[in-house]
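Quick one: structure below, then a few questions.
Should a chain be cited, it is by its letter among A, B, C, D and E, assigned in written order, with residues numbered from 1 in that chain.
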Amino acid sequence: MARKLRRALKVVTKTFEDEFHHQPGTLPGTIIIDADAPAPIIFLIDYNQTNFTREQIATPEECIPYLEMETISWVDVQGLGSQDILQRLGRVFDLHPLVLEDVVNVPERPKTEDYEDQLLFIARMVVPKERTCGFYSEQVSLILGKNYLLTVQEEPEHDCFEPVRSRIEKAKGIIRSQKADYLTYALLDAIIDGYFPVLELYGERIEELEEEVIVKPTPQTLQSIYQIRRELLQLRRAIWPQRDAINSLIRDGSDLISEDVRIYLRDCYDHTVQVMDMVETYRELASGLMDVYLSAVSNKMNEIMKVLTVVSSIFIPLTFVAGIYGMNFNTEKSPYNMPELNWYWGYPMCLGIMVAIALCLLLFFWRRGWLQNSVPTKRN
Amino acid sequence: MARKLRRALKVVTKTFEDEFHHQPGTLPGTIIIDADAPAPIIFLIDYNQTNFTREQIATPEECIPYLEMETISWVDVQGLGSQDILQRLGRVFDLHPLVLEDVVNVPERPKTEDYEDQLLFIARMVVPKERTCGFYSEQVSLILGKNYLLTVQEEPEHDCFEPVRSRIEKAKGIIRSQKADYLTYALLDAIIDGYFPVLELYGERIEELEEEVIVKPTPQTLQSIYQIRRELLQLRRAIWPQRDAINSLIRDGSDLISEDVRIYLRDCYDHTVQVMDMVETYRELASGLMDVYLSAVSNKMNEIMKVLTVVSSIFIPLTFVAGIYGMNFNTEKSPYNMPELNWYWGYPMCLGIMVAIALCLLLFFWRRGWLQNSVPTKRN
Amino acid sequence: MARKLRRALKVVTKTFEDEFHHQPGTLPGTIIIDADAPAPIIFLIDYNQTNFTREQIATPEECIPYLEMETISWVDVQGLGSQDILQRLGRVFDLHPLVLEDVVNVPERPKTEDYEDQLLFIARMVVPKERTCGFYSEQVSLILGKNYLLTVQEEPEHDCFEPVRSRIEKAKGIIRSQKADYLTYALLDAIIDGYFPVLELYGERIEELEEEVIVKPTPQTLQSIYQIRRELLQLRRAIWPQRDAINSLIRDGSDLISEDVRIYLRDCYDHTVQVMDMVETYRELASGLMDVYLSAVSNKMNEIMKVLTVVSSIFIPLTFVAGIYGMNFNTEKSPYNMPELNWYWGYPMCLGIMVAIALCLLLFFWRRGWLQNSVPTKRN
Amino acid sequence: MARKLRRALKVVTKTFEDEFHHQPGTLPGTIIIDADAPAPIIFLIDYNQTNFTREQIATPEECIPYLEMETISWVDVQGLGSQDILQRLGRVFDLHPLVLEDVVNVPERPKTEDYEDQLLFIARMVVPKERTCGFYSEQVSLILGKNYLLTVQEEPEHDCFEPVRSRIEKAKGIIRSQKADYLTYALLDAIIDGYFPVLELYGERIEELEEEVIVKPTPQTLQSIYQIRRELLQLRRAIWPQRDAINSLIRDGSDLISEDVRIYLRDCYDHTVQVMDMVETYRELASGLMDVYLSAVSNKMNEIMKVLTVVSSIFIPLTFVAGIYGMNFNTEKSPYNMPELNWYWGYPMCLGIMVAIALCLLLFFWRRGWLQNSVPTKRN
Amino acid sequence: MARKLRRALKVVTKTFEDEFHHQPGTLPGTIIIDADAPAPIIFLIDYNQTNFTREQIATPEECIPYLEMETISWVDVQGLGSQDILQRLGRVFDLHPLVLEDVVNVPERPKTEDYEDQLLFIARMVVPKERTCGFYSEQVSLILGKNYLLTVQEEPEHDCFEPVRSRIEKAKGIIRSQKADYLTYALLDAIIDGYFPVLELYGERIEELEEEVIVKPTPQTLQSIYQIRRELLQLRRAIWPQRDAINSLIRDGSDLISEDVRIYLRDCYDHTVQVMDMVETYRELASGLMDVYLSAVSNKMNEIMKVLTVVSSIFIPLTFVAGIYGMNFNTEKSPYNMPELNWYWGYPMCLGIMVAIALCLLLFFWRRGWLQNSVPTKRN
């Protein structure tokens, strides 16, 4: 079982293991490629109110003609596994070396950075795992320029942008008539909304644990609570800076974001705050569950001790009585030596005394309420 | 019993289950109708200092003539179960798509939003449950226009606006001579005042638990404490943003709110802070109760252990003495082999030794205070 | 005992029971008279540098001539039991309906409100109970006008203004040469200083509990700690908003408060902060005491378990040895069947083995330190 | 032992007992002389770059000629035991009544107050106790005027100003060439630096307790941890407001403090923050120690229970086996009645069964790891 | 074992022991040389875009010619063991006495100080220990002048600047073409990045403990958790003020820092915040582990108690039955005296009763789930 446990822990803690690859003292702007990072795939969507192009391109340079047009170009890079492509991307979009470093050297803390004619927004996207309570988490960097949006995702799987792509393709809503800033909003909104299904899973898991912790607390329950606290801590680390980043987008945002889109971003900000509220609420619930667990374990111990105490306290005195009449004092030497052994009603009387003692003790325990079963058992 | 428990938990946690139906990546402004949402009922109250109309109307368009008059119109929609009616409502009142989304896609975090000629206030209304400690909670959106107020409630039951309606009808106080902003204040005030009876219930429940936890702590007590903490957490989540929303109403409010009404809103704000204070106080009390519970369980265990220890420590040595004289050493083979068995006073002496041992141990335990009953029992 | 306990709790929690009588949706400015509120008594003190009048008056209207004079008039209303008198009072002093509501509908959160030519200050006054650790708490509203001060107290008993009255009467200090704002300061100062004796009681009670919790922790100790935490929570709720209120009096105060008096109020503010500091310190101490209590109970359990373990572990093996030689194997059937029973030194050897076992175990326990008494008992 | 404990507690808590002597409603500016306050002793140091005078003076009026000179006069009053002298002092230095009250009515919260041509700084000085872990604490008020500094200490003992006096006397450093503001800085710096040796004591004490709590936790350990938390709480209450006071000295300070001295005060502020950091760190460590203590006590209980369980679980079954063959069924009545008693190998077989049972159980316990000693004992 | 423990604690706590050597009342600007501080070694790197010099120099005065040139001079002093050299250094670089004091009197809190033509930055550098979880920590002071940077390290070992030195030497990146402010940034960046490997160690250690605490909690686990909390507390104390210092460098920085470098510093600030985030996360995890530990210990106790209870509860009643038939009532005196002893099926019936009792009890315990093994043992 411990092996299963260890494996379970592995999965949980993987996110932490992967976390750091900063090398102290490296050149600022250095791009470090993780050995097992997937090779980048580049998708391009180019649209205006009337036209729409969607294609996968092989090299960053293929974007250039689209960028030079007045249409909105959304270049979506998925995967960080090639230093060459990333550096060419940097040249095509004219990225500041620090921008490129932030985009590539994941994980970076969510934030907004304003570089004159570009706006960098680093976000963290979460996607719920199927069948278990947990989530995949990956960094998405959005670089907003005058009429383009460059997004860079850590890996090609697990992406919550599909509804946005389909809205563009099918020209649903106003998205086709808006600029790149509205596209940025739409993606941010999709990222934030992606937290709700994940939180829903935790809400359900906490409900299950609430019942488990009262009805049948086991060491596995304890571990689950700890695991949930840990994962909520991670969610919290992801969502708090995101709130600040969106806020600074609304308030200090450059000219790249229009007033109209700011109203939409305000709505997105409200959702972020709602996510934060829920994370904090769940954290409090999980931490309350820990207290309940400890109390429930103590309650269980009380139950165990009661059984031991009741059984021992009743039978030990009885055994003592039996022990007395098992002594071998010589009844022939003196009339005081255990005359009871020779009485006609000796044995029934002895049994009667034992029953009387047992009843007294049972009464004593019953009045204390120790004979009632006060812990909910798993059967009823 | 566990089944009852499960059912109880269901009720508590329902509010959480219902909470999320955001679909990541959906179009902003999308209206999602919950399958079991009740069909909307529309009430209209139209009044000025001299006239008063109160009627139920079938379609949103019936409001239009009232809205065009100078009188104050209060349109109260109860229930979110029809996409068609809600969208027509949006057109009649000329609502921004985000406003409609916030109003319909419950739950939204309480907030104030300023849309040029409209002011959106999202509030959360609570109504105490009869006979148990708990509350119904529903979202109320108030949209204040120049001479109208549109309110949208989640469901038609449980509404704390009746006193306001009757004040308008009977022209009690100054309400008939005031504008729609005063009506907004009156409803907000009713919503905030609605928290007090709910809190009163929790105050009483905590008092009951305070006695229970000391006098007779059971696992059910533990569960009640956890449940109260959980529900207070929900109240807290509802009231904190409400405070901010009222505050921003007072400070940044548009022209739609007059200086006079702002003085009234300040009073409403004070009540909100008072509710928050009480919620926080109750949360601290409930969390203190958890500590007390844990200590009380430990105390109970001490009591159990004391009984076991006293009984065992007295009878185990006595049984040993009886065991010695139950040995079968052959007294005929040697004068050293249990000569006591053949003594004239052997048996009385043996009993005497036993009584002496028991008394010594009782004295020892009495001096330690272990014979006194220190846990309050349920009878006296 | 539980009955006593219940009664004790009643007293503690009364403050909470009394707390709410807001009726959701009532007319703003509504005066609600509590059924058991004492009838109001009105005292008037009118003075300037040379003259002094002090009398009890029957109706609010008797104040009018004094108010029209240039002298300082202090009207002190004690008790909230008559709607008629309170409303006439409102007319005499020309109070805003919300002021009257705040004054009458206790409890209101301490605050400062500025109404053009009047300044409302709501304070909470505490008076220590005699002989026990606790306090009476009542709301005092101060309404400062140009040359008058109206104070409204919840009830006529327990008032800490007597020294101020006597200072006015005997013209001690500078009070007779000052305006109504200085009188306001003097009363606020008396209210804040009234917290110190109450806190002193809690300081002493905490000291007692510190000894009790280490030397002889009982369930009553636990309850006392919880009670103190609860009452400190109430004090905290009273003093925190008072600080903010005094602060806003100093900073945003209207023309009604002169620069000189502001310096005095700054001093009063410092005392409020000192009270808050002490409340927080006591709260931390009380919460630390809870931890100590839990540890002390665990220590006591350790002691109990040690006794049980030492006694059981010594006598159970001995009883086993005695049990062996109590077996009835037939020594005549075989030389291997319990030959010890027929040995010459059989019984002494058997006893010797028992003593040896007991000594070994005692040595084992002594080296573990389990034979020393490590919990302070109540006798020495 | 409990008596010693009580005495120990007395000493610790004395600081709290002494704390309040505010009489509610007393005249502002009232000087209250504590009965056991030591009589004031007045020292005067007068210096400029060339001259130096140091003498003890009998009456405040003797300062006047020095104050009228251009030299820097430092008047140091030690002890608050005479109302007459303190009031004459107030007249000589022309103190505001509230200043005199703050200076005399100890304890006052550390703060800076600006009175046109005077600056009041209230500080709290700590001096480590010899041989034990603890500190003396006394209030020092510094009143800075144009070319003088008046300092008032609670009592003549324990003063950390000697190095400053000697620096002035021996003209070490730049102090003789500076104004009174530099002297103020020098004294404040000495006061803040005085916290470091006290904290060092607590650091050492915490280290000792860290070992004690793991190796040999006793109830005395628990008490020591609580005591340290309590005293750190006091230090915290002293140092937090001091930081604010120094900060407001730097930022809002009057003309009495030159730009150059402000740079020095900034350094002093940094040290104050460092003290605060250390107090907070120690508080966290002490509170962590409490958790460790509770866990260590639980561990110890586990050890005790293991011994009881191992011994009982092995010998109780064995005793049962012995009990069986101690029964007196009549072997002559039937061949089924305990034929083992008459077997040739009966007794050895019975002993063999016992040994086998014991070994099985030992194996069971050994595999669970209950036979290993896992609590560090005090000997090795 | 306790000795090992003590030694381990020594190492942990050493950082605290070393912490304070402030002497209350010493002259500001006093340099105090620690007896065991290593003698200073001075390295000089002088470079511009074309030239590069790197040498070890013997006296501070040898820097002067380099300082007078237009090239960038980086003087790196390692070790604080000579008062003479440090004071000459102060004269060469024209340091304010307070700067020298801050640099030499370690530890000082990380901070930025602006002295007209110099900028002092105090930082704390950490270097992970090999093979164990821990870190060396030392203070680094950076004094930035117009075209030089003076760095002072506490000791010559453990320095994370080597990559920067090599970047200068090999002219990698833009460092050779930048001013001294960029060099300052590069070093600060190296210092902050140095925290990541240390945190990685703690992340791994926490993961190990997470498994240990569930699978096999021992007192050593408890100690490890406490130690980690303690060391994270130290990291936190180092990193928090560093964040403020970098922030004030970005915002209030003097002319010595160019706009371009400020963008780089912003990046460095983000990394500092990320370090802080991780420290806080680890602190929460470690504190959660403490709760889990306590619960795991309670679980273990439950296991122990279950074994004791099951064994005792089964065998004590059986022993009682055996005891009954071991009594010596004389069967010849009466037909009621233990007739069972003479029955033909007496003994088998007695054994049958015993088996039946045992089975009933086993069933009872099995239904309670006490026979299952619920604590993960170390073997499987």
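One rule holds in what follows: a residue touches a chain if its C-beta (ideal position, glycine included) is under 8 Å from a C-beta of that chain, and two chains touch if they have at least 3 such contacts.
The UniProt protein names, listed by chain, are A, B, C, D, E = Magnesium transport protein CorA.
What you are looking at is a predicted structure, and each value in this text was computed from that prediction instead of being measured.
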Set of chains whose contacts include both chain D and chain B: C
Set of chains whose contacts include both chain E and chain C: D
Rotation, 0 to 180 degrees and nearest 5, that superposes chain B on copy chain E via CA atoms: 145
Gap in Å, rounded to a whole number, between the CA centres of chain E and chain D: 25
Separation of chain A from chain D, taking each centre as the mean of its C-alpha atoms, in whole Å: 40
Contacts with 2+ other chains: residues of chain A: 294, 298, 301, 305, 308, 312, 316, 319, 323, 326-328, 338, 377-378
Ring path (origin chain A; first step to chain E): A, E, D, C, B
Chain D - residues contacting chain E, complex: 160-164, 167, 172-173, 185-186, 189-190, 193-194, 196-197, 199-200, 203-204, 207, 210-211, 214-215, 263-264, 266-267, 270-271, 273-274, 277-278, 281, 284-285, 288-289, 291-292, 294-296, 298-299, 301-302, 305-306, 308-309, 312-313, 316-317, 319-320, 323-324, 326-330, 333-334, 336-338, 367-370, 374-378, 380
Interfacial residue positions of chain D with respect to chain C in the complex: 1-3, 5-6, 9, 13, 16-17, 19-20, 22-29, 96, 98, 101-102, 108-109, 111, 113, 216, 218-219, 222-223, 226, 229-230, 233-234, 237, 290, 293-294, 297-298, 300-301, 304-305, 307-308, 311-312, 315-316, 318-319, 322-323, 325-328, 331, 338, 340-348, 350, 377-379
